[in-house]
């Protein structure tokens, strides 16, 4: 008797090989669904349950999720772009032109990378303001807010280092202006400027440094802190929901909390 | 008749959840296939920044009769024999090392694993045939011709059958 | 509903011997933690699928934009020729606008540095934890402080001719004045809303407003030599 496609898949899922790879399998029981999160090396960063209230759009506008989405798009487009890009001046410019006019899908990848980068900077700011306005930085979530500010700085640095890579006039002078601001730091300014560029001007060394920063150091740092950021959401009690956590401890007539003073 | 019940074949029944699951997985499949196609096109370069396979070997008078000349930059031998000018690839067919012309041995030898190739026709050996060594194939003959200026040109990307009339350039 | 009593608690200075937090519970009641337990659902599929859909919608929008609009690419970098104007990426244009008024040490190092530090310490200050409306308590005193700060800041900006930052400041001051005159019993919903906003809200909103205005000016209203241009005048 001819079996349907579904029946074939079910057979496949019953095989020993399949079960050795995917341990728990799918299912609609609560246990199976919890295991799908808990047994997955990437997903077990999240807790197996979330507050229903926080799933609504108006709670967070999904800004944090969207920021992560832009980051994933940037990694997915950035790596192919690296295959055709030589971080040496002025070869970098020819490579950017090649990406736009010669390489299949090159124009699309470059565009997507650029606009996702702008979107990510915008979304990161929006996420920060939304978290602030709904009060989700309050105890016990203070440190997660600090990690968030750190991620904001990393995002800005990622965008800044990436800006130089096309090696066109826009890139060169934007970075020249920006790095000269760095030299305005008192005492260490010039040294910082020198170390940042690997020289006194924006030249081949600067391009290579910015390339390594942009493609390796900063993305790894970002992923590291994003993981901590997600972990802290979970450990601090899940996404902040006003209904379950009052902003201040309120004293009422039947309960008084007193903190005793030292001495007498 | 009012009692007639329409029988529906149970295998035709697809409920809404199954429909949307199929729709979703189907679209995902199409998207994945499309992505794979575009990814392959992206990875396959359209333009190569490599030198042209066609080499200009200059005026044929540079190559006296019975001479074997190795051009290390382009990896070819220009050989002027009784039958005319022809070209052998200098890249060993074993693992790609650059071979060398050994006039004292009257043969081409590869320094990497000791393959040796004939250069002149004799007994049952054609130029390029392997004399000894681990090389699996003889050195290929490359297409030669004269351009309008009278220069000898070699196309490294085109193999020609050995010892054929058109594999030589006669002046 | 017990009558109010005064309690004096004496404790040992040795923290190990005597507790530091004491709850006084009146008779026939119990200590209650006023936390409501909320509805929970499974992350998979509820949470994950919603996030997946959100990211997919984002991806579709970005792909559309990427197919239609091209990323800019000007001529090859030429150290001997500075384009006019030489603008930083858009998220730094607010900074660059400030560089027009203040020296680099102030606009480039001090202000961003202070802003970042201020952001980081927000959750550690009690004033940001309390969510009471700014002018609902001590109205007169707080209004006086508000006037002093607003006028001082405006004069400072006026002195340095930073009109770009002055206008948003004045607008915010105006809105805050309205809030100062409002209360939870105000006639309009908007005024009731304003009355409930705490100081942290006002400071952050002022910052957001300034950020948007300065960035917009740097993007659209600045031309060659960083001179003022009207965006519709074309280049």
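Per-chain numbering from 1; labels A, B and C assigned in written order.
What we mean here is this: contacts are C-beta pairs under 8 Å (C-beta built on N, C-alpha and C of every residue); 3 or more make two chains touch, one makes a residue touch a chain.
Just so we're clear, the structure is a prediction, and the values are computed from it rather than from any experiment.
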{"item": "Centre-most chain [mean C-alpha coordinates]", "value": "A"}
{"item": "Distance-maximising chain from subunit B - centres being C-alpha averages", "value": "C"}
{"item": "Centre-of-Cα separation between subunit C and subunit B, whole angstrom", "value": "64"}
{"item": "Intercentroid distance (Cα basis), subunit C paired with subunit A, Å", "value": "21"}
{"item": "Interchain centroid distance [CA atoms averaged], subunit A/subunit B, Å", "value": "45"}
{"item": "Multi-partner residues of subunit A (at least 2 other chains)", "value": "none"}
{"item": "Complex contact set, residues of subunit C against subunit A", "value": "1-2, 7, 9-11, 13, 18-26, 29, 31-32, 34-48, 50-51, 54-55, 58-59, 62-63, 65-67, 69-79, 81-83, 86-92, 95-96, 99, 103-105, 108-109, 116, 119-120, 122-124, 128-131, 200-201, 204, 208, 211"}
{"item": "Residues of subunit A touching subunit C in the complex", "value": "30, 33-34, 36-37, 43, 46-53, 55, 62, 65-66, 68-70, 72-73, 89-90, 93, 96-97, 100, 107-108, 110-116, 118-119, 121, 125, 128-129, 132-133, 135, 137-139, 141-142, 145-146, 149, 152-153, 156, 159-160, 163, 166-174, 176-178, 180-182, 184-186, 189, 201-202, 241, 243-248, 250, 252-264"}
{"item": "Touching residues on subunit B, where the partner in the complex is subunit A", "value": "11, 38-39, 41-47"}
{"item": "Residue ranges of subunit A in contact with subunit B within the complex", "value": "4, 80, 83-84, 98, 102-106, 109"}
